[in-house]
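Shared chain: chain A. Partners: chain B in the first complex, chain C in the second.
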Partner chain A sequence: MKEKLKVGVYGITGCAGCLLTVLYEECFKELIELVDLKAFPLVRSDTYKGNFDYIFIEGTVCFDEDIIVLNKLRKRTKYIVALGACSCTGGVPTIKNFLDQEKTLKLVYPAHNELKEEDPTPINKHIKVDYYLPQCPPSKKEIVSFIRCIAKGEVWKDYNDPVCVECRSKGNPCLLDQNKICLGPITLGGCGALCPSNDVICYGCRGPFKDANLDAYTNMLKKMGYNKKEMHDKMRTFSGLQFRDQEGGKTWLEK
Partner chain B sequence: MQKILLKENLNELIKTWIKKYEIIAPVKESKISRFKKINSPNEIYDCLLTDIPAKTHFMPEGETLLEHKDKKTIEIEGKIKKTILFGLRKCDLNAIQVVDKVMFDKNYINKRKNTTLVGFFCENPDKYCFCNSMELQDFYDLYFYPQGKNYIISIGSKKGEELVKHLPELKKEIKIPNPKNFKKLNTLDIEKYYRDERWKADVRKCLSCTACTAYCPTCNCFDIKELINSDIKTIQSKRFHSSCMSKNFSLVAGGKSFRDSRTSRFKHFVFHKVLYFKKQKGRPMCIGCGRCLRVCPTKIDWVNTINKMNRKPLFNFSRFSFKKLKETNK
Partner chain C sequence: MAREITLNHICKIEGHANLNLKIEKNKVKKCELQAFEGARFFEALVIEKNIEDIQEIVSRICGICSSAHSVCSIQGLEDALGIKPTAQQKFIREMLMFGERIRSHATHLYFLALPDYFNVPSILEIGKEHKSKIDDALKIITLGNQLVEKFGGREMHPFLKIKEEMEEVDYEKILQQLKNTKPIIMRTIKLFSEINYPEISRETDYLSLHQEEDYAYIQGKILSNTGKFETEDYKKHLVENIKEYATSKFVLKENKPYMLGAMARINNNHNQLEPETKKILNEIMKKKDLEFPLKNPFYNNICQAIEILEVVNRTIKNIENAPKKEETQKIKYHSGHGVSAVEAPRGTLFHEYKIDKNGKIIYCNIITPTCQNLNMMEQDITALVNELLKKNTSKEEIVKHMEKLIRAYDPCFSCSTHFLKVNWE
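Moving on to the complex of A and B:
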């Protein structure tokens, strides 16, 4: 019998929703049976000081302490897995990058002006990340198949098509035809088109699709009668930073 | 051979079929019409053209093809009951004929053998239909044509004949006309338009959302994904719809993609549908149902683009032909 992989699940600044997803029966069963769960600070109080094979990390880098934690974890493991939208693309906290920094700090923490803040960034700006499991919260199916995949020693393949591919092959009515801003065509798929299947627009929580045609998309929305602000509000919800990078620097979103 | 049936008696005929067969017919479900199993003839939705084509019956999403266990591979055969596909339009029937020429796996062939195709004349075509330009053939087991108070039923095969054995025969055969069209594709010979600049206006609008291929009744490309079971010993190979409009489609080891630009992907889609398939199999792949035009979120109309090129062909100034000219002059 092969020795089981040593796995840890950690979180930095975030809502802990992704860690809770791992605690669902489907995922947690796989974690206990297929791999050796060494550390999980959310549910285990004992401390493990050895090295890991895989570490799952949830959350965005928002404070200088987060960077220290990340660098320490990186030295102790072979592979880092970014878990959830926050660690993959920055998630909701990155909205702060597009607002007045001081105002927001005073608004949210009126009494704590001594906080040392960083600009909210995804973890791959600070350490090397090997695998990404995006989505907010991450899909249980994907976590389960990822754990099975590493336990068997197979190569993990990222899904690399826009949300529309799965949505269209499911046969959903298109939300763009109903004059709603759906981010499907420019968002990475793999979620099984969860929101559009339930008549809710795609908010782009899985991050941008690299080969997307942003010009065509923005032109289409303009024809539908939306202005830039409405468009940007939707795009900045989960991955504003990535969409900004995709069009080269700050030119596109600030236009 | 043709048979005759009063329009009022159609429901009764279907009821007799339901006892022996599984019937799949157009049904409207949450704003979209698709082919689905019905239990009574009242459920049938009389629509212009179903949004989702009948190919989902033969190739459903996520169908298991193979199972691997202990170094052995088992081929899983798609077994279905005897089925009637009811309410297919002329374009849908031809689409099945096209896919028959390409698909050869056991799963597909088994399903195809057990299915009887019952066509229906297209009375009110969509504004995007251009089927008369696409060299459609007569391909059916049964084909209903409404005339006055009656349906004229043409019989195309033995499978179809069994279904309407008891009906009276028509003495004088009637020639069934083609459906009406509002749109037309002016030429099928589009090879000379490959280097035309006017494709770019279309491609600039393309989102690569792959709706055209998902809704096309003749698009049969698929991807096989291996999914590991919970005991990590059995692995299942499943078939998922795949699209040539996505960059991922032509990706090979090493990260190279043969059709890197959106322009080349879009052109290949159109040229394969109209020209390349005709060269290989003798008929165009496109059957002119216009679903790709109807479903596109940015309303790309490649039929109009070809018609424009046909009306005003540009002289080809590409570098390649220029060089050739120089060489021949010498």
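Moving on to the complex of A and C:
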């Protein structure tokens, strides 16, 4: 019998939501059946010392220890899988990058001897990432498909359409038509347009759709009567760093 | 001779934490429980944001209690705007809290706590004859998930709006599932009440929400041994402190540690439990020769198991009395100040907001349950280790006991770490 893949599931600074999603019935049963779960500190305390085939990582880099952990894990595995929005795009903690700290607020840190703050960043700013399972929280369906795919030794294909494609096919009324700032057109889909289907705007948690025309999008919002600050508020919720770096994002999303 | 025991990266807890213990002359000299995560500054992240975006952001404080943060933030903002939620809104919010309580307790009990009592590294090694316990755990978690999904649109970080109306829902399937899961929950209560917990007993203050009529989840006054106080007066009683060694705040009540969570709620609100839950709890108490208040922190595990049953009974009762759709109040932005407290799985959670006339946040303060439990945990660890030292217990045994105790509290360091003091200029 073929040896099962050695898998680890780790978290750096985060909300543990992605790790808990992995513990949900559908994902966890698949995981313990199809791969060899060597390490998962949230639910097991033994310390596996060997190497991995795949390591899933949740969380955002928020302090120096996160980088140390990432580097250690990278050395021990063939592939790194960024799990969830924080890991893929930096997620909600990256809002901090856009706060005007000089003028409006002064964060007072308690005296930490060892802890060093880092600007919140996704893990691919620090280590090479091989696969991305975005979304906040990540989709169970996508996690299960990914585990099955790697267990069979098949090649994983990323979803590659904006949120609007799935949203339209579901027949949802368009939120932009209702004059709301919905990030659907510029955000990578694959979520089944979950938020717009619940009458909530897309906040861009799966990161930018890479072929999106950000200039055209922001001009449209401008015509709808929105100013820069109002666009920033939405676009900087989960993936502000990526939208800023994307072509067309320079005009609208610089610091 | 001084010795030190350090536990780095304690496993099977939510989030990352270290413990430093210094022992001198066979007594604990220093006990420092430190969260070991970077700060995420949520109270600063929401500043200048519009009230409609707040729930979406603060829900991300914690994956395991995202419903609690969502509900607490919405209630706090409503309070600031002077909006009264409809009966249906309260119903939806309680449902989210119920689902979350069920899965949070089941996750903690089976995945984090149980392996300690079987002397195995994880539930996966629990042995062939106990394999069904994994299925039991997953079934209860799934029940909780489905409740949150049904009323919140997804299992985690539910969609919740100040203006929420819901059409008629078909409850048959969910009622059936609640009833089907009950035998598993009864097995869970039996399992956790029959565990041989270390025997410790200490007096302390227990804090929770309290209502005369019902077991409190999202409304009520704050009750503790020293009496009741209104939610909005929380700062008069609970003081946040910063310790040099930790990224989390430590909270004291009238300068003393206190305990919250399932055991505090059961101690404070056992009279409000549903009849069946009350009966089963009383049987356990009688068998173990216990009376209220419970004094052994390890019994928090039993209380969590009991609460799963309570929540299921309450969910059934609420669904049977589900309110009809009502027109919600129109939202008009004006400046205001609001406070809300809810019972998250791990205890009382506070959110406070100040908003300006355009509906933008100008101040936010959040106190999570784990921050409030940290002092109590340190105190209990110290007492436990002192007892063990008297009996010349080996270091390995001491470490095992300490980890068990920490896990019994079910701490969530993801929640606790991200609240640092913010000074505004």
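The rule is short, and it goes like this: the second predicted complex is superposed on the first by the 231 of 255 C-alpha atoms of A that agree within 3 Å, B and C clash if a C-alpha of one lies under 4 Å from a C-alpha of the other, contacts with A are read in each partner's own complex, and residues count from 1 in each chain.
Simple rule for what comes next: a contact is a pair of C-beta atoms (placed from the backbone, for glycine too) under 8 Å apart; a residue touches a chain by one contact, two chains touch by 3 or more.
Since we're looking at a predicted model, the values are computed, not measured.
J.: Please tell me, clash or fit, for chain B and chain C sharing chain A in the overlay.
T.: They fit side by side.
J.: Between chain B and chain C, point out the one touching more chain A residues.
T.: Result: the larger residue contact count on chain A belongs to C.
J.: Does the superposition put A:Ala212 against chain B (first), chain C (second), both, or neither?
T.: first
J.: Classify the contacts of A:Pro162 with the two partner chains as first (chain B alone), second (chain C alone), both, or neither.
T.: A:Pro162 sits against chain B, while chain C stays out of touch.
J.: Once chain A of both complexes is superposed, is A:Lys222 in touch with chain B (first), chain C (second), both, or neither?
T.: The answer is neither, since A:Lys222 touches no partner chain.
J.: Quick one: is A:Lys125 in contact with chain B, with chain C, with both, or with neither? Answer first, second, both or neither.
T.: Neither partner.
J.: After the superposition on A, what does A:Lys78 contact: first (chain B), second (chain C), both or neither?
T.: In the superposition, A:Lys78 contacts neither chain B nor chain C.
J.: Treating the CA centre of chain A as the corner point, state the angle out to chain B and chain C, nearest 10°.
T.: 120
J.: Which of the two partners, first being chain B and second being chain C, lies in contact with A:Cys174: first, second, both, or neither?
T.: first
J.: Figure out whether A:Cys149 sits in contact with chain B (first) or chain C (second), or with both, or with neither.
T.: In the superposition, A:Cys149 contacts chain B only.
J.: Please work out how little space separates the C-alpha atoms of chain B and chain C at their nearest point after superposition, in whole Å.
T.: Minimum over all C-alpha pairs of chain B and chain C: 12 Å.
J.: Residues on chain A in contact with chain B in one complex and with chain C in the other?
T.: No residue of chain A touches both chain B and chain C.
J.: What does chain B use to touch chain A in their complex?
T.: Residues 30-32, 34, 51-52, 56, 61, 204-211, 214-215, 227-230, 232, 240-241, 243, 246-248, 251, 262, 295, 297-298.
J.: Taking the complex as given, what residues does chain A use to touch chain B?
T.: Where chain A meets chain B, its residues are 30, 34, 145, 148-149, 151-152, 154, 160-162, 164-165, 168-174, 176-177, 184-186, 211-213, 215-217, 219-220.
J.: Under the stated contact criterion, what part of chain C meets chain A in this complex?
T.: 9, 11-12, 14-16, 36-41, 44-45, 47-50, 53, 56-57, 60-64, 66, 107, 111-112, 115, 121-124, 138-139, 141-142, 145, 153-157, 159, 161, 242-244, 246-247, 403, 412, 414, 417, 420-425
J.: Could you list, by residue number, the parts of chain A that touch chain C in their complex?
T.: Interface residues on the chain A side: 11-21, 23-25, 28-29, 32, 37, 40-46, 60-63, 65-66, 91-93, 95-96, 99, 104-113, 115, 117-118, 120, 136-137, 194-195, 197-200, 203, 233-234, 237.
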